[in-house]
Amino acid sequence: MKDSTRWQNWKYKVYKVIYRSDSFYGKLFDVCLLVAITLSVIVVMLDSVAKIHQRYGDELYILEWFFTILFTIEYILRLICIRKPMAYVTSKIGIIDLLAILPTYVSFFVAGSQYLLVVRALRLLRIFRIFKLWHFMDEGRFLIGAIYASLRKISIFMLFIVILTIIIGSLMYLIEGGENGFVSIPQSIYWAVVTITTVGYGDISPATPLGKLLAAMLMLCGYAIIAVPTGIVTTQMAIQNKNNDKAAGKGANKISCNKCGLDEHDGDARYCKRCGEKII
Amino acid sequence: MKDSTRWQNWKYKVYKVIYRSDSFYGKLFDVCLLVAITLSVIVVMLDSVAKIHQRYGDELYILEWFFTILFTIEYILRLICIRKPMAYVTSKIGIIDLLAILPTYVSFFVAGSQYLLVVRALRLLRIFRIFKLWHFMDEGRFLIGAIYASLRKISIFMLFIVILTIIIGSLMYLIEGGENGFVSIPQSIYWAVVTITTVGYGDISPATPLGKLLAAMLMLCGYAIIAVPTGIVTTQMAIQNKNNDKAAGKGANKISCNKCGLDEHDGDARYCKRCGEKII
Amino acid sequence: MKDSTRWQNWKYKVYKVIYRSDSFYGKLFDVCLLVAITLSVIVVMLDSVAKIHQRYGDELYILEWFFTILFTIEYILRLICIRKPMAYVTSKIGIIDLLAILPTYVSFFVAGSQYLLVVRALRLLRIFRIFKLWHFMDEGRFLIGAIYASLRKISIFMLFIVILTIIIGSLMYLIEGGENGFVSIPQSIYWAVVTITTVGYGDISPATPLGKLLAAMLMLCGYAIIAVPTGIVTTQMAIQNKNNDKAAGKGANKISCNKCGLDEHDGDARYCKRCGEKII
Amino acid sequence: MKDSTRWQNWKYKVYKVIYRSDSFYGKLFDVCLLVAITLSVIVVMLDSVAKIHQRYGDELYILEWFFTILFTIEYILRLICIRKPMAYVTSKIGIIDLLAILPTYVSFFVAGSQYLLVVRALRLLRIFRIFKLWHFMDEGRFLIGAIYASLRKISIFMLFIVILTIIIGSLMYLIEGGENGFVSIPQSIYWAVVTITTVGYGDISPATPLGKLLAAMLMLCGYAIIAVPTGIVTTQMAIQNKNNDKAAGKGANKISCNKCGLDEHDGDARYCKRCGEKII
């Protein structure tokens, strides 16, 4: 066997382990990668806690570099073993994979701890790798499908909410004024969003009777219209379920007509609905 | 060509651009108008922030007048080019269009900054122009239809919520008393609304054990009955979806089979699916 | 005409006005009563505001007595003109009507402002009279029907929520301890209810890392299980809607079989499903 | 009758009372047990309130031991009268029954009030005994079935929420910084969970304009995606309802008509509703 063939074989083996998960080593690699990503995210999170940073700062720094080098090796292997490396680099997954290792190297060249802090957080994006999980789950596709199909309706609903919060926010700015925390219209709009979504921090809250009346009306409004996005998504999911059922049902009577070849018959059909040929 | 004809032609061209959006210039005009409205709203919002007002107050004042004159020209053009100007002036859209330009002029004649502030906010109503968008979207009509159809049921539900908050509010006023923030029955009703809608500012919260028990029961109640408006809207949307489906399905093929009488055929059926009789 | 007959006639006329709303005066009486109830509730609410009580206390006191005497006359008329007065007195509506007038008289005999306050609030129960509205609205019956039918499922769900809050509350009491506001298990259970229902006052909130982790899990839990009562009520409403449709559909094909008399045929039935007789 | 037979008889009688609830004494035992559990939980809860502990500490201590001995006797009886005691001990119910009595005994041997406190709370787990109620209620099974069937979809949704809160939490940590309460990434993630679930304590809330903008977007996001678990559970419940209906309907009459082949007859049909052929 020639060297180039051996190289090709090795590349294909690595490809199967890294990119696919239908073999034992492929599955093992995916699980290890997920564990490594989770651990590296925990390292970044712990490092941000002042007390832990003081005591274990050095150890976390070493761990940080360990994970960065690990993911760099992974990234290089991905580039080597794939046929079209540029397609990978420019894909969403590829960009996230790169963003997951770049910040640590950037923090090496660019001095200044305040900037370091920013790049550290970006590494958290590496957690999006977990989204690869989605591809293996029908449920994920079902949820994304339902959300995607209701996106237009929900967008219009959100537009309505935004306009409502702008108007109510401006009214509250006039009613309450700066003394009660409604110091500007953007601030009041922030309060209106906090209220209509029923979050209710209480950092800003109305103090005048008229303000409280308007706030109470806004709350009842928010309480009622939460029904709208829920209704949209629920009906969408019901439609998807029905379509799945139909698809399954049609599969059961998947006999194609001998005369015209049509194979999309209802479950209770005994004659081809296109040419009238008996199908059962 | 006579002058009056030229004038008529010009009016019709302007009408097509301003009122309709089926031509290139019509679409361009709509987009520019939306951008101008959004920018003018942002100007009003920024002007309300004390720091920005101090530094850029003059520039924002000029921008404010620029947008007002722009919208005034638009309003006059709308009056000129339409056949029945009074119908436009008295329509909802026309009133909002007028309210969107009036405040700035009023602020010119009436001195006193405190009043100016009030009229400035009214200009925000101009954002309602965006609602014109709705007319181009089936989704908007779907949502408004669902809300409109469930309005009576939701009104009754809201009446029930209001009565419940009045009774619970009065009870809490008696239980907690003025020391814990429940200084009056209206104040306590405000607290009850804040609680039942799960907003929960925390500006007023029960301090006595009995008050906390009643509050906990009110919360669980609010948590459960949020299901009611959601159920109303969801079932309404499901009905609308079904009706759409039926309308689409039945319109296609409503011929009953001569042999067996079945009349529930698919839109693409040419032979009865039960007995094989030709139906078209 | 004899006196007793005249008396009977007068009683029947009053009965028609007070108890029924199918005549002009009956409707007028109902509307006036609702306005009077609303005004009397507003009087009680305003009287509880300290500032208004100081300035308009006397006027509100007179109004309070005016409404009490008005409702007393109404109550006496109801007793006189009905055939079985005791059935009315012991009915729910009758008890609420009595409770709506009693407190003011009790406050007359029993001295001591602190007790007066209690009885004043009880008068708010008079607002339940508004519930008479329900009887005139199909929507009200639909909502009450849906809630009534889902009551058992929601009760079990609530039992589960209560057990969950007791366990989580006890755990938080151990984790957080008295310094952070979790001074006792009942207090911690109150916090758990505030959190799981997504109210979130913030009067008590976890301070330790472990407490915050448990709180975050409880919030996500509450966020997800709010789906359960909503699902129960929505499916119940869908069933009710369907049954209404069926009832309406069956009414359309309301031809009884000539042979066996069965009149519950499907909309697409052409032969009696019991005896085989042709029905169309 | 021999002694061993008498013993067997006595054991069987006790078994029927303790384990089954189809006899009068069985039902009575279940009710008494539930009352005793509820009372013992209330004792633990009251004992945690400092004031009550000071005044009634001794009485509550005695009551605590009374209930512990009562439940110990019950546990021993359960072991004696069942055929396979080990199966009971290792079952979920058995472990909870043991955990419900152990802590008091452990608190006897192990000195140190701080540990005692921990074991006391564990006894609350005894409330799970109430779950035995579930087995008698179809509604409970319906709810658990719906939740169980939607568990995978909700898990994926929760994974998405967790990733979203990690990313938003990290961003807010960078934007707001330690001065405004966002002292570390875990703390900021806690804030993100508090916000997206619309709980909104207000113990931590954004102070910078950019932070408030991001918070407002997160709130609107949380407001919209609460629709997802609701949609999942509602459609699941609708499917279960439908299957129940189908199971009831199809079981009744699944005979197809010999003449026209229609097999969707009502449960009470004796003739084909389409062609009038006898079907039974």
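Think of it as A, B, C and D in the order they're written, each chain with its own count starting at 1.
In the analysis below, contacts are C-beta pairs under 8 Å (C-beta built on N, C-alpha and C of every residue); 3 or more make two chains touch, one makes a residue touch a chain.
Fair warning: this is a prediction, and the values are worked out from it, not measured in the lab.
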| item | value |
| --- | --- |
| Residue-number overlap at the chain A/chain B interface, same or different (half cut) | different |
| Pair in A-C, C-D or B-D that repeats B-C, with over half of contact pairs matching by residue number | C-D |
| Which of B-D and A-D has more C-beta pairs touching across its chains | A-D |
| Distance from chain D to chain A - Cα centre to Cα centre, in angstrom | 30 |
| Where chain B and chain D are represented by their mean Cα positions, the distance between them in whole Å | 41 |
| Contacts with 2+ other chains: residues of chain A | 157, 186-187, 189, 198-202, 226, 230-232, 234, 238, 268, 270 |
| In the complex, chain D residues that touch chain A | 152-153, 156-157, 159, 163, 166-167, 170-171, 173-174, 178, 183-187, 189, 195, 198-202, 205, 209, 212-213, 215-216, 219-220, 222-224, 226-228, 230-232, 234-235, 238-239, 261, 263-264 |
| Touching residues on chain B, where the partner in the complex is chain A | 41, 44-46, 48-50, 117-118, 121, 124-125, 127-128, 130, 133-134, 137, 139-140, 142-143, 146-147, 154, 157-158, 161-162, 186-187, 189-190, 193-194, 196-203, 222, 226, 229-234, 236-238, 241, 265-266, 268-278 |
| Residue ranges of chain C in contact with chain A within the complex | 198-202, 230, 234 |
